[in-house]
Structure formats: C-alpha cells, structure tokens
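We just call them A, B, C and D in the order they show up, numbering each chain from 1.
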Amino acid sequence: MSITIQLAEKIAEAAKAKAKEIGVPMNIAIVDEGANLKSFHRMDNAWLGSIDISIKKARTARFFDMPSGEIGKLSQPGGPLYNIEHSNGGLISFPGGVLIKDGDTIIGAIGVSGGSVDQDHAVAEAGASVFKK
Amino acid sequence: MSITIQLAEKIAEAAKAKAKEIGVPMNIAIVDEGANLKSFHRMDNAWLGSIDISIKKARTARFFDMPSGEIGKLSQPGGPLYNIEHSNGGLISFPGGVLIKDGDTIIGAIGVSGGSVDQDHAVAEAGASVFKK
Amino acid sequence: MSITIQLAEKIAEAAKAKAKEIGVPMNIAIVDEGANLKSFHRMDNAWLGSIDISIKKARTARFFDMPSGEIGKLSQPGGPLYNIEHSNGGLISFPGGVLIKDGDTIIGAIGVSGGSVDQDHAVAEAGASVFKK
Amino acid sequence: MSITIQLAEKIAEAAKAKAKEIGVPMNIAIVDEGANLKSFHRMDNAWLGSIDISIKKARTARFFDMPSGEIGKLSQPGGPLYNIEHSNGGLISFPGGVLIKDGDTIIGAIGVSGGSVDQDHAVAEAGASVFKK
C-alpha cells in the first residue's frame, strides 16, 4: 500500500487547519514509503528556510521509522548516533517529522517546519492522525 | 506581489486536470518570484525521477524568465550556452517549465515532469494559464 | 518591494564605514527578499573563509526572519534546533546576519564576517540601519 | 599584487555603465588572483540564474587563465576537454568571463551574465579594460 495524492492532500489539509488554529504559517512536506516527496505546501509568510527543513524532517522520520525528534535524542555529543545529521544529504533530528501509518504499516511520513518544535510536531501529528480516524 | 498558496493550489489543480485529460501522471512543482518552492504534487504512479526534474524546470524558468525549453535550444553542443546546465546546482533545459505572470509581472513559475516534453509543457501551460483567465 | 542595487550599495557603504571605524576588514553580503545574492564586497585583507560565511549569514537571517545569532542560541547540543545548520546547504547560526526592513516589511538581509561575532554583528547593524534613517 | 576592493569597484562601475548603455541588466562578479570572490553586483531586474553563472565565469577564466569562452571551444563533444564543466564544482565555458591584468600579471577575473553571450563578453571587457587605461 502506497500513499495516494488524495490522501496526501487530506493530510496536508488537516495540518494546514491545525497551523491556522495556532496561528503559525507552516511548511508541510509529505513523503511516501520510499522516502520520496509526494506533496509540499508552503503557507503564506512561512519561513523560506523551512522548505528544506520540512522535507528533511519527513525523510528523517521515514529513514529510521520513528519521529524525527527521537533521532535528536541519540545524536547529541556523547550519544550513540552523534552527528548522524551528516548522512543522507543532511538530516533534521528535532521534532516535526512523524510517520504516517495504515494500521501497523508505514506508508509515509509528514514533516512540518515554521514554528517552535512543539508547534511543528503538533501540526505534523494533526496531519498524520487524519488517517487513523 | 507574491504568489499565494491559494493561487498555487488553483494552478496545480488546473495542471492536474490537464494531466488526467491526457492520461499521464505528472509531478507538478510551483516556485515563487524568488525561485523558492511554494507547492509540489506527485500524482499517483508518476515517475520518481521527475520529482527533482519538475522542481528544476520551475526554477530554470524563473532563473532566466523564459520557458525552460528555450534554454535548451541555446545549450546544445556548439550553441552559445553549451552546458549551462552545470550552473545553479543543476538546470533542466528541456520543455515543461513555464512562467506564472500577473499581467507583465512575473510572480513565479511552474515545472511539470512525467510524460513527453510536449505533454509536460502542455500541462505546465494549463496550470500557468489559470491566472490569465 | 524589492531591494534595489542602489540601496544595497548604500547599505554596503555604511557597513564598510563601520568596519573601517573599528579597524577590521570584513566580507559583506546582501541578499534580497528571496534570499538571493544582491551584492557582495570583500574588503582588502579580509578572511577568505568569510566569503561563504557572510553569504550564509545573510541567507540564514532571511530564511528564518531573525538575526542569525538567534538561531545559534537554539541549535546548541541539547537545544530544540540542534544541528539545524545541516539544512539549506549549510547555515551559519552565530551573529553577523541581520534583516533589512522597510518599516515592517522584510526586503532582504545583510551578512558580515571577518572579525569577532560582536564586531560582525555591529557592522551588519550599521549597514541595516541605513534604511531606517 | 592583488586586486583591491577599490579597483574591483571601479571595474564593476565600468561594467555597469556598459550594461546600462546597451540596456541589459547584468550580474557582475569579480574574483582575485586566488579565484576567490572579491565583489558582486546584481543590477535590478537581472536574471536570478545569472548570479551563479557570473561567479562561475569569473572563476573559470582565472582557473585556466583565458577567457571563459575559450574553454567552451575545447569542451564540445569530440573535443579535447569534453565535459570539463564537471570539474571545480561546475564551470561555465561560454563567453562572459575575462581576465583582469596589470600589464602581463593576472590579478583577477570578471564574469558577467544577464544577456546574450556577446553582450556578456562586451560588458566584461568594458570592466576589465578599466585597468588598462
């Protein structure tokens, strides 16, 4: 099972709605099970630097099948994955990347960037949870 | 004047409708006046290799304020811009990248990849022409 | 509103005057609202390694619409944006990148490198403040 | 002897004057004898894609101590330097890059991009010739 563009749009819509609710314009990237970009939206006035970060967060989540922020806990100085961010053309290892699942099957990931990492994560979760409903 | 996400979505919708009409799944990228990504959609079953190509086509069109295919006419062996594709982190100089204009003002560009270059160009034009109506 | 070359030159002149005042040769880069390079000057005897750093500082400031040094406060080990520098082809997250504003509208950014970070920031501020007068 | 910022500015001014005379906005890059960027100016409405091209032209000229267009004559299919553009992070091998000389001593190079290659070359020559007068 692969993520469809229709589903990606639904997920992006839910993320955008959450972003509007909290009043922070976001960059929202969705990748498929192959970690390849499926959809991207930059809301008006969202940070330019977050284009790349949102895509990297989504890819990082799918690369290691966990939320992007989990990687960051392990990549600190002295940690087991210190500076793993140098791999794969650049990882982003702080929160905002979340897996998209169909039951137990991972079908993609969403990456969000534009606010604080807590806001980014909340918007990513709002997107990813659409499929669970 | 900058391209809004609402306008980008309208343009992408028109491009997708054209792609469906001709029966070819496409990658559709839209950049703003600064050549920064605004939106991206990969239709189901569209080529993975066209993710990057569609983005580069949109950027190429905005980089030189002309359809991407015009660059390719000049970049052939023996031509005046031979191997210009090595600049800017990689250009795509065949058709499928088209400017988005508000009257005479360039506000962005659309890049399409997934079919023949004629099909790509037709889908890009269908997207870009939304704004003219 | 976009930054003009005339304004960029004024800003660079003011930055150079400040650099001379404090006696430190600087690299001075100015980008437009799309984070694309508008002007660059390397003063005589300024560090070669600061060419790239000054450009990246200007881009970093515009990427996140804040002084570059603010990013660095958040990107330390254990901080919320740890290793964000791996994004966007490389960020510089210490001081020396400052926004250029027309009232409340961001029209670009200036990045300065060649001295201590406090000196870099002071020279960038001297440049950016020209427009406020 | 190294190119000074004062001389670089004189050269850039002469190039800009020529660009205005022929009515084509240009990107103008100047590198020193080490092929490192010394100054850069993007005239208003000049192509965004020419930022990188003007810098690469100046570097290409200094890398091989000849006008950038001479490289292009040798890099064609079947030629002795076929696809040399892949080196050095990307070369631009069509006209517009010209050496800056103090008598017989090479002290830098100028790269111009924004018009036809003939226009680019003419503007680069106008800049480089300042020093000869």
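What we mean here is this: contacts are C-beta pairs under 8 Å (C-beta built on N, C-alpha and C of every residue); 3 or more make two chains touch, one makes a residue touch a chain.
A quick map from chain label to UniProt name: A, B, C, D = Heme-binding protein.
Computed from a predicted structure; not experimentally measured.
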Of B-D and B-C, the pair joined by more C-beta contact pairs is B-D
CA centroids of subunit A (Heme-binding protein) and subunit B (Heme-binding protein): separation to the nearest Å works out as 25
Please compute the C-alpha centroid of subunit B (Heme-binding protein), do the same for subunit D (Heme-binding protein), then give the distance between them in whole Å.
29
Cα-centroid distance, subunit B (Heme-binding protein) relative to subunit C (Heme-binding protein), in whole angstrom
32
Shared-contact residues (touching 2 or more other chains) in subunit D (Heme-binding protein):
48
Chains touch one another in the pairs A-B, A-C, B-C, B-D, C-D
Which residues of subunit D (Heme-binding protein) touch subunit B (Heme-binding protein) in their complex?
47-50, 52-53, 56, 72, 75-77, 83, 85-86, 90-95, 116-117
Any idea which subunit C (Heme-binding protein) residues touch subunit B (Heme-binding protein) in the complex?
32-36
Which of the residues in subunit B (Heme-binding protein) come into contact with subunit D (Heme-binding protein) in the complex?
34-35, 59-60, 62-65, 77-78, 80-84, 86-89, 91
Interfacial residue positions of subunit B (Heme-binding protein) with respect to subunit A (Heme-binding protein) in the complex
2, 4-5, 8-9, 34, 36-44, 48, 51
